[in-house]
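Below, each structure is written out as structure tokens.
Two complexes, one shared chain (subunit A), two partners (subunit B, subunit C).
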Partner chain A sequence: MKKASKIFTALMFVFLFAPIAILLLFSFNEARSLSVFSGFSLKWYKELFRDTETLKTVRNTLVLAVCAAGVSTVMGTAAAVGIDRMRSKYLRSAMDMVTNIPMINPDIITGISMMLMFVFASRLFGFANSLSFITLLIAHITFCLPYVILQVLPKLRQMDKSLPEAAMDLGCTPWGAFWKVELPEIMPAIVTGMIMAFTLSLDDFVISYFTTGTGFQTLPIRIYNMTKKTVTPDMYALATLIFFVILALLLLSNLTDSEDSQKLRAARKAKRAASGRPPRDPRKQRILYACGGSLAVVAVAAAVIFAVTETDNKPQVLNVYNWGEYISDGSEGTLDTVKAFEVWYEEEYGRPVQVNYTTFASNEDMYAKLSFDAVSYDVVIPSDYMIARMIEEDMLLPLDFDNIPNYKYIADNFHGLYYDPEDAYSVPYAYGIVGIIYNANEVDEADAGGWDLMWNDKYAGRILQFNNSRDAFGTAMYRAGLDVNTTDRSAWDAALEDLLAQRSVVRSYVQDEVYNMMESGEAAVAAYYAGDYFTMLDAEAENVDLRFYYPEPTNFYIDAMCIPTCCQNKELAEIFINFMLSEEPAIANAEYTWYASPNTLVYENEDYIDEMGEDAMAILYPDWGDFAEKYNAYAYRNLDGELLDYINSLWETLKIN
Partner chain B sequence: MDKIIELKNITKSFDGEVVLDNISLDIYDNEFLTLLGPSGCGKTTTLRLIGGFDTPDSGDVLFMGERINDLPPHKRNVNTVFQRYALFPHLNVFENVAFPLRERKTPRDELEQRVNEMLAMVALKGFEHRSVASLSGGQQQRVAIARALVGKPRVLLLDEPLAALDLKLRKDMQQELKNIQKATGITFVFVTHDQEEALSMSDTIVVMSEGRIQQIGSSQDVYNEPKNAFVADFIGESNIVDGVMLRDKVVSFSGHTFECVDGGFGPSEAVDVVVRPEDVDIVAEDAGMLRGVVTSVTFMGVHYEVIVDIGGFKWMIQTTDYVGVDERIGLYIEPDAIHIMKKSEYSGLYGDYASFSNEFDELADAESEAEE
Partner chain C sequence: MTKKTARRNLVTGVASAPYELWAVIFILVPLAFVAYYAFTDNAFRFTTANITRFFTATSSVTGADGAADEVRTYLVITWRSVKLAVISTIVCLLLGYPLAYIISRSSPRAQKTMMTLIMIPMWMNFLIRTYAWMTILQDTGILNNLLGKLHLGRVHIIGTEAAVVIGMVYDYLPYMILPLYSIMAKMDYRLIEAARDLGCAPMGVLRRVILPLSMPGVVNGVTMVLIPSISTFYISQKLGDGMFFLLGDAIEGQYTANNLHFAAAIAFILMVALLAAMAVMRRLTNKYTYGGAAA
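So, the complex of A and B:
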């Protein structure tokens, strides 16, 4: 029995701390890979401190957490005192329940309902931007409040009610009694409540996601949006740092509370007494601490308000909404595009501009945020099919190309594409083509070529297939020569048969795990985007030799810069788009993302070609003659809802059987 | 002596339940006054009205002739020692005692001097820097007293301050409190349900029951001349029997006519007769004024407690002479041992030891304390 419980305790610790240990280890990894530890390095920590966008979200998160914790602690304590003093027992238990409800409520419901309320309220009062830092702060205060009350109320109930009476009896006013006797008595609970509120606010994702406005992004949202590629290792470094900071706080708060330190303090006081000096008035000290504490809170609040109002006072604000990790951000010595634009703009126009750069994780996320009409973005960068849908739903504004002279550098291939046939709404930013990645140490060169490799039973158990219906069906339909946008259900049924047949050779159905599995040699064949192949190549393990080829036909996608109807400053947005097309930022972004650029300034640039290397250029920019024709024929388009439902039901069949 | 506090026709109820029913009481300067009664009798509420923590529904509280009904506690020159001491846990001994002085912005030198004097008075010199949580119950009690007295109030209110202490410590503290009261000359208003404590400490005892004052008097008055059956029973042990006053100084009860020292009743008025157990002498059956059978004998240390059945009514007798159970004995009662009371609402409720047992009494005590 004893032995078993020891084993379970050990297991518990393993489960609790193994993830953190691994995180810690890989934050010091020389390489990008999660599968290979190639040597100790502090480079991700250096990276982190160069990543201004991430640091900005860290600052945002901290500012938000401090404000939310501060305000909710004050309000929650006041509320707890109020509830505690209610005469009626019935009323008190009713209040208990009411304050508990938000805690039991799922975050998602709190988030959605708060967003609806903010949107509704701002429509009612006629504000343009219904979601902002203020709404986010209100939401955080709201969900932190019950936790503060939950901490403080029991402590108040426990307290000997004659304590405040004794204070009044000895000459305190009722207020004085509260400050000098009740507050010190319940202080531990208040501090615990504040720490809880702080950590809750710090790691909230769901509610923040729904209630944050343009230009204020928190760290959890940023990390979530990094799924365009894998989460970069500087995030491991950041997570490690946060873990240790919180650990230190925890130790510190335990230390100051422990008896040891009380003894220490008592000993110090005794020494002071022995030396003949009078004892210090601890109440004065406490008042000093209280003053210091409130000053600090006020200072932070003031700084925040200053920072917030400062952005508001700037004449020019540009809100950009892009995929996570989809712009050169100054990391690893690259160009900080956003900052470069700000500097360039001020030089050019003599006025400052502030760019609020926020990110999304999928087209659908972005679409949802925009369609609620609760935010205002000036530039968005969605994918092709989403652009088609947004044009159809009047969510995009036609561009004034007089403001975008650099549009002339966009290659001819990228004109008249299906999603924007008139070239009126969008400026291509990057594109990608699906190819097949394989480990040449395992796969016979002769077998490479075409989609058949993914069905080849020589490599049974070594093949990865997409874990989403559209891409998985795509592989089968390209292979069988079917139209990937067909409305003919029998074509989809046929594709399902092929996928069912393939299942015996598939190791697993994956999305982001593809990076690690291919890099480590855990799998040998996978279809993925050319740009991502280079990311894998960068981190491949020693015994792995990843190669790449395009099967034909295959999927293309294009992401393009657009201006949504909620745009507040269209001309500025167009100037930004134009800037993005100019040589330096365009090359920097292409080099950062590893995706192909439609910009002639990029792919005809000698330095860029040198930097990428001949092989990479051949892969990224295959010479396929009429790109537009192929793209229009083979790229995925928006399918109608009924057909999508049908495809998903087929997909379920595949996944379940 | 001057009246320092006057309560005039005070009524107070909580949630429709009358806790104080038309109470009037004068408290004089420099006296040790005890509010005595069972739990729920209104004694603590009376104290809280004086302290300012509650306000009367009707009636007035006067302090040195001024009406202070609505004066908040911190403006009253009255301090309280709370039942569970209510020491401030975040302050050390010195700071607890210094609290009222700091509240008044007393200069530092004077503050230190007065706190040290107080700590010396309650024998806590050297404990200045101790945390109050590290003190024993008795020591905490002393800190509470020092803290309440350091501001030199005119009146000190003590709400069952000794209830949490063990017997030996309680006796010592009783003596010490009495000494402090004498030394400082401050009026003490002391609340207790312990009649022995009340008797040994008080100048004046106010016996309360069910929100009303039953009797006000010195210790000797309330013990020797209880006004009604409640007081007689609550203070000390009493045999209370129905009697008839035949004429002045002659009373008949339990089938025998006794000489007594009281008078002033109507002819043949029905009365309550009180005889204290220690005032009854046991004699041979033939020589007794009353005769009965011993039903139980309990050894109490100083004396035996003997229960005697006399015509169906059980008497308690405290004696140093041993008698055996089932022995038939006679009782002899001196005239001045007989106290005659007018009939009251309490008549017939107390004074029969038929169901008496020490255990039962203790159980009842424990219950009433738990209720508080």
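So, the complex of A and C:
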């Protein structure tokens, strides 16, 4: 029995720590990959300490988690005590029910409904910015509370109720009875509740995304938004560091429990007795020390990170909202284009400016936050079809091109496109074309070419398809020669038939997992963006030989810089856009993301061409003949709500088959 | 009732007041927004169409025998989500219960160490941990490399139900262990010894003494694992090869398709169903606990 339980315990800890071991291992990976280990390197740790944006989010996350855990523990414990004493059975079960609600609602619903409430309330009371750190904190406290209450309540029910009664009979005040008798009894549950609250707050991303204010981002949101290029290994390095800090603390607290310090404590106790004060309750003391200690550690950690990422309040703030991993951020020796703007601006205009750079994971997420008027961003970078929709809904401001003289460097191909026919609202930032990536060690050269490779049953179980309806249907419709923006439902039905036929050969429906799976040889064929092919190529395993081609026709997309109506400083936003078009930052961004640039200063630059190499240039900037014609024919357009709903139901049919 | 107890009841009645206020503003008002969206259309006119759609929408599914079958889309999705969540909860309970018991019987220092060790993995980011599981479970992953080196053959786990269950169990296990442990740590072990001394078989001790004593912990553990795992979507996407379409995915998809009203309707139905299930579960277990050994 003893032995069996020891083995069981050991196995459970192996299970719990297996992924942590992986984090540890891959944080030392030389390549960017999270699935192929190519050599030992410390570079991700260096990256981490240089990456002030990430450190800032770590600080935000810690501050938020400490506040949320603290408030929800105190309020939750008081609530549990109150609920436990309620004599009305109905009231008690009603409270039980209400307490469960935040746990039941899927995160996305909790997030959106809280956002709606905050927006509604701030309109009612006339606040300018409805979302802020406070709303984020309120949301976190709300979803932490049930976990605290659920911990403390059963403990109270388990407790012998005659104990506090006895204490009071013996002359204790009610408050004293609670403090001296009940509290020590329920303390373990309170501590677990607090730990749970802290943990939950530390990890939440969906609710945080919807309730946070302009420019305040937490670490999980940052990681979740890294959808363009998957999670970077410096996040693994960060996790590894956190792990060792906690482990060290654990060892330290165990050490302080050792005999030496017990002797010391005995001496202190004797001194206390000698001075005539009553001895402290050792149990309460220990708990107090534990709580105080852990809070102090977190506070110190937060303070250190505060110092590293000091934010002196500069008079001017520019809020930029972009995709995750979509700008050159200074990692691996690149130019930090946002920092460079701050420096350049101060030199040029003699006034400092602070850029708050935050990220989103999809056009729809970005739209949700802007459309409810909950935030104020100055520059956003949506994709083409979303720009069309935002122009239609009056969510964008026309640009003053006198402030954006560098617009002249945008190639002719990118003028007068369907989403902004007058070129009034947007400045192209990057563009891409969907191609097919395959592992040449597995796929016959003869089978490559065209969309049919993705339906080829020779490679059954080796093919990756997009895990979102628009892109997946797109592959089928380009293959069948259908218009991807058609309102004819029978065309969509036909595409569904093709996708259903493909399902048996599909290994996996993927988003950013595509990087891992192609790099490691887990799959052999995938449709993805040209720029991302090079990111994969950088990290492919030894036995993998990735190649790329464009099927015809295929999808084109453009992401462009725009100024939303909630903008607070339009001229500054335009200066920022102009700066991003200038040579150095534009090249840095294009090199970092590996996406094609619409900027002639970039793709005609000799150094850039050298850096990319001939092959990459040929793939990224193919000769498309009349680009505008192709783009307008094959790019996705904004579809009306009913059609989107219909496509989504077809998608559901595909997914439940 | 003495004067003191009366005063005490007054004091503790006030204790939960902040929470009650908080719950009304920050739980019930957002809930009202969900209900409002669930019962309106895109133009905010009242409708029950969203609710009926959940129960009546059908799609054609081809079975294993190749025959097409009309099924109720969202009921199928609900059934799959509930099934995976229930399996994960049971696995969590089967693993977490003995572990919590073992921990609660260890020395105080070992208890503290082990509980901290259980919490540490939770402090690494959830998304990153799920990614790490992909690296482990892939066909070309760590586990298969290890098995290959030991000449034990290969296993295909990723993309199967097993992988999704592993992911869910991993993420929610601490939420099972913590409530169990905090109850077991304060359990009266003299009762167990007494039962043994009086000739009760080990299984009998477990069933008649330990289980009823730890029942509040079981109920809370099950609640905290089952409920979030029904609406999760990230784990099933990453570890299920995108092949499992669960309620969380359905809600996410409706939101992306600009159909917030139907997304709210799905969430609303889910909530009503779960609250009803919880009420029943609590009633049953209350009877069992307080009518059993602990009373």
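Before moving on, here are some points about what is shown:
We adopt the following convention: the second predicted complex is superposed on the first by the 436 of 657 C-alpha atoms of A that agree within 3 Å, B and C clash if a C-alpha of one lies under 4 Å from a C-alpha of the other, contacts with A are read in each partner's own complex, and residues count from 1 in each chain.
The working rule: a contact is a pair of C-beta atoms (placed from the backbone, for glycine too) under 8 Å apart; a residue touches a chain by one contact, two chains touch by 3 or more.
Remember, it's a predicted structure, so these values are computed and weren't measured experimentally.
Look at A:Ala480: by the touch rule set out above, it reaches neither subunit B nor subunit C. Put simply, more of the residues of subunit A are touched by C, taking subunit B and subunit C as the two choices. By the touch criterion stated above, A:Pro184 is placed in contact with subunit B alone, subunit C being left untouched.
Of the two partner chains, subunit B is the only one that A:Leu163 touches; subunit C does not reach it. When the two structures are aligned on the shared chain, A:Pro174 is found in touch with subunit B and with subunit C. Subunit A residues in contact with subunit B (one complex) as well as with subunit C (other complex) are 165, 168, 173-174, 185.
On the subunit B side of its complex with subunit A, the touching residues are 51-53, 72-74, 78-80, 82-84, 86-92, 94-95, 99-100, 102-104, 108, 112, 128-129, 131, 147-148, 151. The touching residues of subunit C, counted against subunit A in their complex, run 2, 4-5, 7-9, 11-20, 22-23, 26-31, 33-34, 37, 42, 57, 59-62, 71, 73, 76-77, 80, 95, 98-99, 102-103, 109, 112-114, 116-129, 131-136, 138-142, 159, 170, 173-175, 178-179, 181-183, 185-186, 216-217, 219-220, 223-224, 227-228, 231, 233, 237-238, 241-243, 245, 247-260, 262-264, 267, 270-271, 274-275, 278-279, 282, 294. Contacts from subunit A toward subunit B in the complex involve residues 160, 162-163, 165-174, 176, 181, 184-185, 187, 262, 266, 269-270, 273, 278-279, 281-283.
On the subunit A side of its complex with subunit C, the touching residues are 5, 8-9, 12-13, 15-20, 22-23, 26, 34-35, 75-76, 78-86, 93, 95-110, 112-114, 116-117, 120, 138-139, 141-142, 145, 147, 149-151, 154-155, 157-158, 164-165, 168, 173-175, 177-178, 185, 188-189, 192, 195-196, 199, 202-203, 205, 219-220, 223-224, 231, 235-236, 239, 242-243, 246-247, 250, 253-254, 257, 362, 364, 368, 467-469, 500, 507-511, 513, 516-517, 520-522, 541, 641, 644-645, 647-649, 651-653, 655-657.
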